[in-house]
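What follows is chain A paired twice: with chain B in the first complex and chain C in the second.
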Partner chain A sequence: MALVQRTHLVRLTFRDDDQTESTCEVNLASGVDLDSALTFLAGWRSIIAALSSAVCVASDLLVRLAETHTAGAGLDSDVTRQGTFIFTTAAAGLAVVRVPSIESSRLESTGPYAGIRIDQSQAAVGALIDALTNGLAGVEPCGPFVSDLVTIDQAYKELF
Partner chain B sequence: MNAYSYPEAPEQPSCILLFVPVELVPIVGAQFAQLEQRHRWATTDDWQLGYAAFVDLEAQLMNNCLDSLIQEIRDFRGIKPDFVETELVDRTSDMYQSLNDIMASMLEMRGVLVDGWFTDQSATLADIVRAMRGSNQAVGASLWADIAALLGSGASLASIVGFVANLLTSQEEVVVEGGLMLAQIATTAAVAAILESMAISQATQSGALLAIIEALRGSTAPTDNILEALRGTVDASATRNLADLLS
Partner chain C sequence: MSFTAKPVITVTYTFRDNDGKESTSEVLIPGATTAAAAVTFANALRLLIVALSDAVCITQNVILGYYENAIPTIPSSDIENKGVFLFNAANGLKSSIAVPSILEAVLQANNQDIDQTNSDVSAFIDAMTLGLSGTNPVNASGTDLTSMREAYKQNRRSHLSGRTRKG
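Then we have the complex of A and B:
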């Protein structure tokens, strides 16, 4: 089992007048540097937009890594059961990060939110919070509106 | 699926209190989460407002538990002393102070006195301050008038202090209240009066002494004086003196 780089994925998202969305995807070799890939993305968007009557609402460049082999998931796994971590941001807002199939053992077992609230006293949970609020490998994540994640506000299970 | 425009808030914002059974929180939260997605909103500005609003709702699902609110209220009421040792989970509402209990405690703090100015009355903080000043009744003014009369008549310090001591030991409660402050004022005034009297006496004595000395030595010491007239200009000695001269 190893983590290997896959092709970069260029994805354009189009929306029609019924608000239905669809995507146009094309691959780039993993060796292409990111600056070149972004330049390609801008040009490619213009070419496709000229051919479509829908409107291009998003352009994504995905740098992808994938496992060569994965072990079987646990019997308790369920990706619709997500750990929702809500953080306060530097701009006095909130931002969410979710963990698919949060382990049941990570939830509190007592109190009014037993089985729902994530137990923040656990080391593994603390590691996630620390990585997001203090950064990891010299990089500090931010919310969707480019505001630094400051402190954990709430953490609980959501069922999608 | 329609993309939402973020609605305009009313001029005076108001909220709706919604009771969500705790077991539904994960599902309700997930439903709110759908509206975190960009494609659910017409514009980026709508999305930014919508994201903030619905993530806030998701957070609120976890911090408004009714049990927590009830405990907050109970903490505010305070546990009755008899139930301090009772485990939190075993406590019931009647083990906490009621509003009436708290009001009764406040009423007790007013202090209903059994003697003094406030006999059978509830003393306020203002009453206490006025009592310390010794001026909350007409008797305070009349006491000061008595002390002023004593000072004006040239009473001694001992008699003034005696007067004040009588005030302090008086059985008349209206005199006792505020007496300490009056005693301090009276004693200070008496000491000042005595010091002034001593200063006048010293000045008088000093004048008399100067007159005697001047009479003995004359006004142009040392040649024009009685001593020189008696002995002459030659200094007295063991053999030249008035006793030898008269013998």
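Then we have the complex of A and C:
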């Protein structure tokens, strides 16, 4: 059981005059360095656009890992039970990160919010919050409007 | 009009529980992050998220996106008219690519087969089989595409939810 690198995926999105969209995809070997893959993406976009009467409106490079053996989920696992972490951002906004199938043991076990509020005193919980607010491997996560995540506001279990 | 990097890079992790249901966790990082740094970050963050979940993380994607910042008036077009290109791969398998709204100008007189002598078509075929900027496209299993097999127009209905179907 291991996450292994899949081929990189180059994806172009085209839109026609009815505003309907469709994608065109090509794989690149997983060993291709990412700068080369981005160079390929730009060149390939021009080549494909020359063959289409629709307009290319977006292009993406997906760097992908996939699990080779997908069994092994815990007996109590349930992806509809999610850990919701709400952060304040530097622009005074809010941003959410969710953890599917949050372990029940990560929730407070006593008090009025037992089984609901995520126990931020746990080391593993604190490590995730620290990574999202202070950065990890030199990268600072952000909200959808590129504003840094600053502090944790609330963390609790939600069912979807 | 030009392609511009999206302001954020999206990192996604898909989890599967013991009933086979799947759900995705998403984290955003600034678009100015280098691709290599984004992947390093994603690998490290995955370990922290996995530690809190009793489901299995089955995929991780780092999505580096670009968008057209000034979409022009779109000419008459139909993304369901695909240009289907079938390629032979070095492992003996076939691989296909569908170009949405293939130009009628690159079709042969029968309005179905794609004219492989057209310069734009041959540029595409060369890019697919010989590589582009030093990078060779591959099939889904990572094997080089070696030659063109056939190319034709095919109408395929669109199944994008919330959008108008045509055809």
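The criterion applied here is as follows: the second predicted complex is superposed on the first by the 105 of 160 C-alpha atoms of A that agree within 3 Å, B and C clash if a C-alpha of one lies under 4 Å from a C-alpha of the other, contacts with A are read in each partner's own complex, and residues count from 1 in each chain.
The working rule: a contact is a pair of C-beta atoms (placed from the backbone, for glycine too) under 8 Å apart; a residue touches a chain by one contact, two chains touch by 3 or more.
Keep in mind that this is a model prediction, so the values were computed, not measured.
Residue contacts after overlaying the shared chain place A:58 against chain B and chain C alike. When the two complexes are overlaid on their common chain A, residue A:4 makes contact with neither chain B nor chain C.
Contact with chain B, but none with chain C, is seen for A:112 once the two complexes are overlaid on the shared chain. In the superposed model, A:86 makes contact with chain B only, not with chain C. Of the two partner chains placed by superposition, chain B and chain C are both touched by A:19.
Of the two partner chains placed around the shared chain by superposition, chain B is the only one that A:157 touches, whereas chain C remains out of contact.
In the superposition on chain A, A:144 makes contact with both chain B and chain C. Of the two partner chains placed by superposition, only chain B is touched by A:94; chain C is not. Between chain B and chain C, C touches the greater number of residues of chain A. Residues 15, 19-21, 57-58, 82, 95, 98, 144-145, 160 of chain A lie in contact with chain B in one complex and with chain C in the other.
Touching chain B in their complex are the following residues of chain A: 13, 15, 19-21, 57-58, 81-82, 84, 86, 93-96, 98, 112-113, 116-117, 144-145, 153-154, 156-160. Here chain C touches chain A in the complex through residues 3, 7-8, 15-19, 21-31, 33, 35-41, 44-46, 48-49, 51-68, 71-72, 74-80, 82-83, 95, 97-104, 106, 120-121, 123-124, 127-128, 132-142, 158, 160, 163-166, going by the rule given at the top.
Put simply, chain A touches chain C in their complex at residues 3, 7, 14-30, 32, 34-45, 47-48, 50-67, 70-80, 82-83, 95, 97-103, 106, 124-125, 127-128, 131-132, 136-146, 160.
Remark: chain B residues 1-3, 22, 25-27, 29-30, 33, 36, 38-39, 48, 51-52, 55-56, 58-59, 61-63, 65, 67-68 touch chain A in the complex.
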